[in-house]
Structures are given as structure tokens and as C-alpha cells.
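So, here's a batch of structures to check.
Shared between the two complexes below is chain A, which pairs with chain B and chain C, respectively.
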Partner chain A sequence: MMMRLLKVDMLKMKRKGMWFLTILGPVGVIALQMVNYGVRKEYLLEQSNDYWGYYLKNISAFTPLAIVLGIVILTSFMASIENETNAWKQLVALPISKMSVYLSKFTALSIMLFLSSCLLMIFTLGFGLFLDFNQEIPFLEVSQYSFFPFFAALPVLALQLWIATVSKNQGIPITVGVVGVIFAYSAFTLPDWMIWKWPSLMNEWDDPTINVWLGLGVGSLLYIIGMFDFKRRDVK
Partner chain B sequence: MEYIIQTNNLSKKFGKELAVNGVDIQIPKGEIYGFLGPNGAGKSTTIRILLGLMKPTFGNIAIFGKDLKSERINILKKVGSLVENPSYYPHLTAKENLEAIRKIVGVPKTRIDEVLKTVRLQDAANKKVKGFSLGMKQRLGIASALLNKPELLILDEPTNGLDPSGIIEIRELIKSLPEKYGMTILISSHLLSEIDQIATTVGIITKGKMIFQDSIEELRMFAQQHIKLKVSQHERAWRALLANGMKAELEDGHILLSDQTDQHVAEAVQLLVQQGISIYRVEEDKKSLEDIFLQMTKEELAG
Partner chain C sequence: MLAILQSEWFKLRKSKITLLLFVGPLIGLFIGLTGNSLNVGEQMNQWYAPLFMMNFTYAILFLPLITGVLASVICRYEHQEGGWKQLLALPVTRGKVFLTKYLLLILLVLFIQILYLGAIYAVGTIKGFTDPFPLTIVWKSIIGGWVATMPLVALQLWLSILFKSFAAPFAVNVIFTLPTILVVNSERFGPYYPWAQPFSMMYVGGSTDDVFFIPWDQLLTVVGGGFLVFFLCGYIYFQRKPI
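Right, the complex of A and B next:
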């Protein structure tokens, strides 16, 4: 049943431009570095002897922003598919559990974000090779900087999906989303407990894996709360 | 009797207001049940509860003899529904919209063409629903409801937004379903004329309460006939009739005779002529079902 529901959600996403956004995110992040390195490569190379490391730092300054912005836009698109003509009442009256409906939406969004992360890694490597640093490629760091923000951002995804599916007024998820994007942008000033800081992989202990575990744990928790709230509510 | 839908003390509160108040619905198999009530009566709310979209505040529901709370998914496999305004995905074509449902209900792909043909949308099958007229969207909604060959079809105001020929067409379609496929149908409307032409059983709801539930024939029995006389001096005419032991009522300056045999009418007319009263009109006054409906719902409001 889950597979079928997932296919249905993919069908409904047709012509919504959601796949385009999935690709646009990582392209945008790398394009910024193309401009950055295109304009002042010499200067940037002078900043550190670890060329790859410095390059990854530059990229990771924008990844959290892109991922949180992407989550806000994609969840809002996802919810709008059912909200637009209140198709929830048609969908939930079909012989499926409300929990699987919710799970399918969450899975579809996760797949897109994961794909974005994969693309980010490929583009990071691609442009890095093009820059010809002549140093050993730090594959581990590249994949960490590409995938860790995704896991660390799961709580934001769970929260946005929850708010977007249960709000009658779509102004609410958008407002929460915009505030979240602003938080993600000013991550370094936020306290460690705020979920919008986590995709930046920064924390007091300088250990990005903490953000990953927190993301998975709190993300699952928020997902479960959202799913049960969705199940509990009447479809109007 | 085998009931397809049976509810017991079904109630739904929104805040403090009881939108559905102790409703007992009984729908026998193979019937077209007309669910009638003015705007805001609680029809859509009841239908939402029957489909498991809303949880009732009190009461229980059995559909196909199974408890809705514990067997919702198994029940819904055999139900097709259309609630209020049709829902659709505007950026998808009619076919894609149906495909999104077909994948879930798991019927063969050929069903899509069949239902599109049934509601006569086959020419628009590959057009985006965004550009459809309201009537076409309504047809698509009905097609979606028919997709899984349901044993129970629940339609909330399905002819909303259709033009007269569309209404007739959909009505004929709905009428043919119980015979052809053994379906049981629940159809709501705020128009009695609509229900009158389609239903075999009727439930009337107003302000959340069921005030009538029986066969359409039983409802029609309420439509008592009178002979209506328009005369000069109606007060005097009425007294003269009563004085001669004839049953008559005075209403809005007309005299109503409830005994309508030819002989009785002839006697009454003769008497009035003898009394020197001019008779302008003698006509049959059949109360329309619409009047009965209005009267029933008014009585409920007054009570």
C-alpha cells in the first residue's frame, strides 16, 4: 500500500515544479561558489592551505539556508496539492489509513531532499575538480557536508509538514517557514537547542554527528506527533 | 430487514452547537435514499461522519453490518463517495485524476475509460481539470465515486452546478445503478423536487434532527387533496356549509372542502347557489410535496 500511495503522490507532484526546485537547490549553492571562485580565486586560495577544506566551508555557509528554504517551499507545495480543492476529503474517504497518507507525504519529501543532497555532493566534487586544487580529495568530508545537513534538518521538515497539513490558513506554515529561514540564515547566533541551527552542523562541541543524531531523534518525534495529530483531526 | 447503513443516536457537536442531533438512519439494501434538508441542516456533516472523515461526538454507525469505527478501511473498499463541492487536482488531466484514485482502490486501468464514458467526459479525458466547467468537475467527481464499482454510493448534492440537461442525465444514471449493479445509494439534496424524482426512501433532516424517515409513497400521502372554492362572501358561505353539516375550512378567503366526491361537491355548490352566493371558481388544490416539506421544517423550527 505504501508503495502505491507513494506513486500516487509522485503523480500528483507532476507539473508542480517540485522536481525543478529539488535540482535548483544544489545548483544554486554551487553556482554561488562558481561566482565566488570565479571572481576571486587567487584571494580565496590564500586564505588556507587546505584548499578543499576551505572550499567546503564556503559551500556549507549556504547549504543550511538552501535546505530550510527548500523544505518550506516543498512542504507548502505538497500541502497545497490537497488543500487547493480540499482533496483531503476525497483522499481520506478512500480505503487507506490516515497514517499511511501522512507517511507517504513525508517520504516523498524526504526522497526529494535526499536527492538534493546527492546532487549537492556530485556538484561539489565536480566544481572542486574543475578548480584543480591539486590536493587529495577529502571524500569523507564532502559526503558529510552534503548529507549531514539533510539529517539535521529532518525536525524542520517534520514540523513544516505538520503545520502545513493541519492548518486551514496557509499563512501559518508560511510565516513559521519564513521565520525558520531567517533563523537558518543566522544560525551562528542561535542557541544549540534550536532545530533551525542544526543544519549548519555547528554546535558547542564542534561535532557535527551530534546534529545528525539530534536531527534523527527529534525529527522522528516531531514526525510522530504530527502524524497522530493529523489522524486525530476531523477532515472538514 | 438488511440495512446497508444503520446509525444509532448519531450526534456531532461543533463547539457547543449540535450540528447533528440523535440521528437514526436506516437504509435498506438496493434503495435510493434521499437525504433531504434545508441549508445547514447537517446533511454534509452526517455524510462526513458516515465516511469516517469526522468522528461522531456520540452514537454508532454500522455499514454493511460492520462497525465503522473498527472496520473503516474494509467498509470504505465498497463505498464510493462525493462530498460537497467536488475535489480534484487542477494541474492534472481528468485521466490522471482518476489514476490517482485508481492506484489506491486497485481496479484495472480499463475502469478509467469506463467511468469517463459513463459520465460522458471521454472527450475531455486528456485535458487539465483546471479548465473544466463546474458541471464537468461534478461529473469527474461522480466518475471518481464510481471507479471502484461500489456497493454503496454516497453522493452529497451531486447535481449542484449542472445545467438542466445535465441534471436529467445524472439523475437517469443514478436511477439505473441499483438495478444494474445492485448498488445502494444515499443522495442528499436541499430540493425536494430533486429527491421526489429519484428516491425510493426519504429521510428529512432539519437543524440536525431527523423529522421524517419512510418511503417516498408514505411522504406523498401527506399531500392531501382539497377542493378549493372561490366565492363572494366567503364568511357567510362557510357558515352556511357548516350549518348544513358539511365539512369545510376557511383559508385565505377560500373555502376548502376535504370531502371531494362528485356528489358532495355538487351538493355544496348547489347549497351556496341557493343562498345567493356567487361562485367564481371550483378547483382541485393539491398540496405539493414542497409545501409539505416547508410545513414540516417550519413546524420543527417553531416547536
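Right, the complex of A and C next:
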């Protein structure tokens, strides 16, 4: 049943521009670096001897922002698909549990974000090779910088999906998202416990895997809270 | 005209917008109080350090993004259950409706800016600054930021009328706003990018000879030109929009 629900959700997302945004996210992040390196490559190469490392740092300055904003947009889209035509009523009238409805939406969004991360890795490698640094390619770091922010951003996904599905006025989740992105942008000064800091992979201990585990743990927790709240509420 | 403005205000008052308006100054407070103190040198006015920091995040990311949200909020009632039909069945012209919505939006942005001014003052007071408050500079920055968002507001209003969902105009907004972080570093492209103008106009380090922090020709061409293009496109689109 889960598969069929997921298929339905995928079908609903067709031709809404959501897939376009999924691809645009990683393309945009790399495109910004293309402009950055295109305009001032000499200057950027002077900044550090570890060309690949510096290049990854530049990319990872935008990845958290793109992920957080992408989550905000996609979750709000997801909710408006049902909100606009009052389809929640019809959806929950079907012989399926509300929990699986919620799970299917969460899964669909996770798949999209995961795809974004895969694309980010491919584009990172592609443009990195194009820049021709003449240094060994740090595959491990490249995949870390591509996939870790996704896992670390799962709590934000769970939170935004929760707010978006239970708010009738989509202005609320979007405003929360704007605040979130400001937090993500000021990650440097943020305390470690704030979920918006995690996609930046920064923490006190300088170990990005902590952010991944925190993301998975707190993400599941927030997901469960959101799911039960969604189940509890009446569909008007 | 005044009657339409009044009815727009009534519609807004019940839609939790008041909470939205306070997010801006709270963000300002947050940045001002948490950021590491920038060392601006001994001779400089103490107020400059938080001003630089707060204006940076506020003008690059927050202001452009929140104006988009406000624009969507303002069109929300009409998109629901045939609101456009009801509104336009009244003895009002479409042009006036568009103009009123725009006016209300920029008034809201001005209100946010004034609250943000309060946030700047609060940060300084909490930190116990003794230097005189650089009132003219701050005013310039507040009003400048407000003027610079006018074209962005026009575009967002157009998009919000075009799309039913909140997410679509917001996505467009994000696509144009994110590159600003890089664009402001560039002396070549920065002055021509409309989304970078709130930052340039709020940047307190600019020259203080002119009325604003950017030269008049840049203000007129980029901000003024952007405003004309976006406003006219939105205006014409709304005239022809099939309801």
C-alpha cells in the first residue's frame, strides 16, 4: 500500500515544478561557484594550497541555505497540492491510515532531497574536474559534503512538513522557513543544539558525523511528533 | 481608493500578519546580540559594529524574502474560494485594486523597517553603548532599504497574483535572492543586481554625501527601472488576468 501511496504522491507532484526545483538546487549551488571561479579564479586559488578543500568549502557555504530553502518550498508545495482543492478530506476518506499518508509525503520529499544530494555530488566532481586543480580528488570529502547536509537537515524537513501540513495559511511555514534560513546563514554563531546549524556540518568537536547522527535521531523524533499531531487533528 | 485600502487592511488584520511583522526586528535582535563583535577600530562609533553585522544578514536575505511572503499573504484571501470574483464584482477598477495592494505592501515594509530601527536601538542599549546614536546614518539606511525593496515588492505582488500557491512565488524569490550573497562581493555586478540593492542602500559604510548610500544614477536606473518594469508587468498582467 505504501508503494501505491507513494506513486500517487509522485503523480500529484508532476508538472508542478517540484522536480525542476529538485534539479535546480544543486545546479544553482554549483552555478554560483562557476560564476565565483569564473570571475576570480586566480584570487581564489591563492587563498589556500588545498585547492579541492577550498573549493568544497566554497560550495558548502551555499549547500545548507539551498537545502533549507528547498525543504521550505517543497514542503509548502506538497501541502498546497492538498490545500488548494481541499483534497485532504478526500485523501483521508480513503481506506488508508492518516499515518501512511504522512509517511508517504515524507518519503517522497526525502527521495527528492536525496536525488538533489546525488546531483550535487556529480556536479561538484564535474566542475571540480573542469577546474583542473591537478591535485588528488578527495572522493571521501566530496561525498561527505554532498550527502551529510541532507541527513543533517532531516529535522528541518520533519519540522517544516509538520508545520506545512497542519497550517491552513502557508504564510506560517514559509515565515518559519525564512527564520530558519537566517539561522542557517548565521550557523557560525549559532549554538550546537539548534537544528538549523546542523546542515552546515559545523560543531564544537569538528566532527561532521555527529551532525548526521543528530540529524537522523532528532529527525525521526520530530517526524513522529509531527505524524501524531497530523493524525490527531481533524480535517475541516 | 481609501475605502479599498481600508478593506484590504480589514482582511489583513485577521490573518495573523501582525505576528509576521515582528519577525524582522526579532531577527535583527538575534543577529545583533549573538554575533561576535566586529572590531571596527577605536575611532569609529560603537554603533557601527552591530550595524554592519545586522544589516548584512537582514538586507541580503531577510528583507527580500519576507517581502515575498507578505505579498503572498496579501493575495491569499482572493485566491481562496473565488475571492477575486467577489472583490472585482465590487465597483472598483482592477488598476485601483492592484495599486492599493501595492501601497499596503510598501507600508507594511516601512513598518517592518521602523521596527528594525527599534531593534538596532535595543541592541545598542542592551550592550550599553555610550557613543551618540548615529541617527542620520541609520535613517538613511532604514529609508534606503525601504526604497530598494520597492521593485522587489512589485515583482512579488505580480507573482503572487499569478500563482495560487505560496511556494511558487517564494521559489522565484529564493532563486533571485540567494545569489545576492555572492553578488555583493563584486564591484562590477553588485550595482546592477536589483536584489542586491537593499544591501547597498543599507550599507552604512557608503559615502554620506548623497541622500542615500548609492549614487543617484544607480538608484534611478536599477531601483527605479526595476520598479517600473515589475510594476507595469504586474499591472498589465492583472488587467488581463482571467478571473
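In this text, the second predicted complex is superposed on the first by the 236 of 236 C-alpha atoms of A that agree within 3 Å, B and C clash if a C-alpha of one lies under 4 Å from a C-alpha of the other, contacts with A are read in each partner's own complex, and residues count from 1 in each chain.
Here is the rule we use: a residue touches a chain if its C-beta (ideal position, glycine included) is under 8 Å from a C-beta of that chain, and two chains touch if they have at least 3 such contacts.
Keep in mind that what you see is a predicted model, and the values were worked out from it rather than measured.
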Chain B or chain C, by number of chain A residues touched: C
Partner chain in contact with A:Leu94 - chain B first, chain C second, else both or neither: first
Which superposed partner A:Glu84 touches (first chain B, second chain C, both, neither): both
Partner chain in contact with A:Gly28 - chain B first, chain C second, else both or neither: second
Partner chain(s) touched by A:Ala66 [first = chain B, second = chain C, both, neither]: second
Touching partner for A:Asp234 - first (chain B), second (chain C), both, neither: first
Partner chain(s) touched by A:Val178 [first = chain B, second = chain C, both, neither]: second
Contact residues of chain A, present in both the chain B and the chain C interface: 84
Of all residues in chain A, those that touch chain C in their complex: 17, 21, 24, 28, 32, 35-36, 39, 61-62, 65-66, 69, 72-74, 76-77, 80, 84, 169-172, 174-175, 178-179, 181-182, 185-186, 189-190
Chain C residues touching chain A - in the complex, by the definition given at the top: 15-17, 20, 23, 27, 30-31, 34-36, 57, 61-62, 65-66, 69, 72-73, 76, 164-168, 170-171, 174-175, 178-179, 181-182, 186, 188
Chain B residues touching chain A - in the complex, by the definition given at the top: 48, 51-55, 73-74, 76-77, 79, 81, 83-92, 96, 99-101, 103-106, 141, 144
Complex interface listing, chain A residues touching chain B: 4-5, 7-8, 11-12, 14-16, 81, 84-97, 234-236
